[in-house]
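There are two complexes below, and they share chain A, which is joined by chain B in the first and by chain C in the second.
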Partner chain A sequence: MSLPVVLFALLATVTAVSALGVVLSRNVVRMAVWLLFTLIGVSLLYLLLGAEFVGAAQLIVYVGGTLVLLVFGVMLTAQGPLRELRTPAAQLVVGGILGAILVSLLIVVSYHIVLPNPPEQDKLPGVASLGLAFLGVTETNPPAALTGLPEGTRVARTPVAYLLPFEIVSVHLLVVLIGAAYLARAKRRVQS
Partner chain B sequence: MTELGLQPFLALSAFLFACGVVCIASKRNAIGVLMGVELVLNAANVNLVAFARYNPAFQLEGQVFTLLVIVLAAAEAAVALAIILNFYNNHATVDVDQADELKG
Partner chain C sequence: MPEFWSVYLPEPWNLVAAGVVAAAALFGYIGISTFFAIWAERKVSARIQDRLGPTRVGPFGLLQSLADGIKLISKEDVAPAGADRFLFKLAPYLAFCAAFCGFLALPFGKGLVALELNIAAFFMLAVLSSEVFGVVLAGYASANKWSLFGGVREAAQVVSYEVPRAMCVVIPVCVAGTLNLNLIGQQQTGWFWNWNLFHDPFTFVAFFIFFICATASCKRAPFDLAEAESELVAGFHTEYSGIRWSYFFLAEYGSMFAVSGLASLLFLGGWHTGLLPFEPSEVWGFWWGNLLNAAVFIGKCWLLVGVMMWMRWSLPRLRIDQVMMTCLQYFLPISCGLLVGVCLWLLLVPAGAAEVVRYALALGTAGFLLTLIVSLFRYPPMSAPRGQLPGAWDGVRTPLTIQIK
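Right after this comes the complex of A and B.
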């Protein structure tokens, strides 16, 4: 048992247990806390896989941004009986059975995946190549050919850059945040 | 890392995905449904980063797509929360079972 295996076992246990906690806890505040531990576990998994920037972005954006937003939503809406809405037991049983079927199916499928070429080098490209790809500098030397093609058709991969998706997603984020601020602005409450 | 392999990450991601789906399907609190969506997106991200690590052809793509998904998840959470707050302002509840005004 090497260090990565031990670390993965630890992180996977923490992440899975807190994901189960999100599903099973009824109180929405406790769900938020379990979700916090799940997100931190996933970001540590990214660090274990060697994707440092993605792990840091997960910590900053998810834990520092999205989860705080969710907690604010909980604070603004959870009062009295709304904090613990009970799901009928029959629905929970049906959902649990379907979830168990789904997870076993997915695990069976994932253990049939065979990667065509095992990784040679032990490092993911770092922040520098990520930033260059986002800025539109095309990758001149792809580390490997495309996988999943029939034998004999070894097509070299087209050098790609991600400037257009980056711009689209940034404008999308701006538009969405303006829209959210417009939607959630203070209004006189309608008496029902 | 090579002795660990891709499959344990895929199994963990499948578990996270199933948890998220059950959360979406069974929670009555709208914010709980939103948390289920976050779990599903995180499961997809774990898959992407694991494939980036174990398939040399997708080393850069996996990380790029993960970052895009993280940004989109933040945007989705903001809009969904605004909608939930509006619903709460109009109906004084966040129970998704009460949102049946369009029911035929």
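Right after this comes the complex of A and C.
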């Protein structure tokens, strides 16, 4: 057992147990805390895989932003029926069946995927190539072959840059921001 | 660090040993810094308010924090009857963990870092922004309306101030072209005009905006709305006592030192004195050079923390609407403008003009500081004869002096 395997086992256990905690706890704020541990576990998994940027982005977006807003909202609004959630039996059954189907699907698929070829160079690409790809530089594609395909298929990799998707997402977020500011503005009463 | 241990230990254990040593060193650093910072806070506040502060325990009252610590450890650990006990006990540790993890990516010298990350600046922002979670949970779990108000205020304040703070981090990152704090530090080797602070007028302004936003996100006065004593008893830590209460203070001082370290790395030349035109750890050997580097870096952190204390005891607390307005109406547009400005500066301004502005800013600031320091020593300290007032009230009799026969 090498160190990464031990660390992975530890992290995966913590993440899975806290994910179960989200489902099984009754109190909304307790759920948020379990969700906090799940999200931190996922970001640590990213860090363990060497994807530093994704791990830190996971922390800043979900833990620092979304989860704080979630708890903030719960603290302002939760009273009586909302604070203690009781799941009806029918929902438990439906959710359990859906979860079981998803897990079995994932297991089946993961047995069909061939192991990825180790890339030529051992060094992981930094965040600079990601930023350049967002700016439309096409020479930043990773050199390694595509993984996760059935054996025998060869996919020719065309150079791709992400300027257009990046711009579309940015403009979309800007529109959402302006919309939120418009909805939350101080409303003046119309003089009659 | 793992290379050093690989001489003594086989493969996985050298990594474990390196991690344990780094974590212990950082924990010790935070603990000792907090120990002296609490003493310094009391002394600074006392001197500003014309008192003496702690004098009894040890020389100059230096061991006051030790006495306080013994008192806090021996206090009873109570939780309110209506509290959510699990969350109530968890919250201080969550707050402290976030402050501690910020130090993991903070280099104290060239290569003197627990975990060299390519995205260290981004990582620090991410980790420090999750410190608020402990405070919010403490406010919720205490089952006390004052605590809840404190937690809600803290959440609103930190989530807002995070945005201009992150913008101000992006400004020197644009100049440096990397998120790696170790590289950003190395780029500022040499004389003090190489520091990012003096790169152009936009980074110069961005430093002050960053420092104010960082003060606000550490919930330090004048932004300590989460624990406003005059309105909320003690805010989010009203119900805490003993060792759990002290963990909140460890977290507060830890995050103060973390943001000060980030500010000095991004703007103030990191571990460089600014007066040596070379990298000390390469010229004076590993141990002496790194000792100097770490000492200079820690000194800069203490300087910035000292300014935070000075601000805390000099300025009155803002109201919550003023706090939010300062962030959303002033700091956010200013930091957006600075970001655009620094990008345009890098693209448009010719190298010669940029150099002139850099030297002018650096030498002007140095000259200003020197004149300020000299003018402090040029005049004798204000004094007045007994029963009279000094300064502008020269010659006026004070009614407060007790007449002693």
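Here is the rule we go by: the second predicted complex is superposed on the first by the 147 of 192 C-alpha atoms of A that agree within 3 Å, B and C clash if a C-alpha of one lies under 4 Å from a C-alpha of the other, contacts with A are read in each partner's own complex, and residues count from 1 in each chain.
Keep in mind that, in the parts below, a contact is a pair of C-beta atoms (placed from the backbone, for glycine too) under 8 Å apart; a residue touches a chain by one contact, two chains touch by 3 or more.
In this text, all values refer to a predicted model and were calculated from it rather than measured experimentally.
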item: Partner chain(s) touched by A:2 [first = chain B, second = chain C, both, neither]; value: both
item: Partner chain in contact with A:130 - chain B first, chain C second, else both or neither; value: first
item: Which of chain B and chain C A:33 touches, first, second, both or neither; value: second
item: First, second, both or neither for A:76, with chain B first and chain C second; value: both
item: Chain B versus chain C as contact partner of A:53, first or second or both or neither; value: both
item: Which of chain B and chain C A:19 touches, first, second, both or neither; value: first
item: Which superposed partner A:65 touches (first chain B, second chain C, both, neither); value: both
item: Contacts of A:177 with chain B and chain C, given as first, second, both or neither; value: first
item: Set intersection of chain A contacts, chain C complex versus chain B complex; value: 2, 53, 57, 65, 69, 72, 76
item: Touching residues (chain side chain B, partner chain A) in the complex; value: 1-4, 6-12, 14-23, 25-29, 31-32, 34-36, 38-39, 42, 45-46, 49-50, 52-57, 59-64, 66-68, 70-75, 77-79, 81-86, 88-95
item: Chain A-touching residues of chain C, taken from the complex the two chains share; value: 11-12, 15-16, 84, 86-87, 90, 117-119, 122-123, 125-127, 129-130, 132-133, 136-137, 139-141, 148, 151-152, 155-156, 158-159, 162, 178-179
item: Residues of chain A defined as touching chain B within the complex; value: 2, 4-5, 8, 12, 15-16, 19-20, 22-23, 28, 31-32, 35, 38-39, 42, 45-46, 49-51, 53-54, 57-58, 61-62, 65-66, 69-70, 72-74, 76-78, 82, 85-87, 91-92, 95-96, 98-100, 102-103, 106-107, 110-111, 113, 115, 117-122, 124-125, 129-130, 133-134, 139, 142-147, 157, 160, 162, 165, 169-170, 172-173, 176-177, 179-181, 183-184, 187, 189-190, 192
item: Of all residues in chain A, those that touch chain C in their complex; value: 2-3, 6, 27, 29-30, 33, 36, 52-53, 56-57, 59-60, 63-65, 67-69, 71-72, 75-76, 126-128
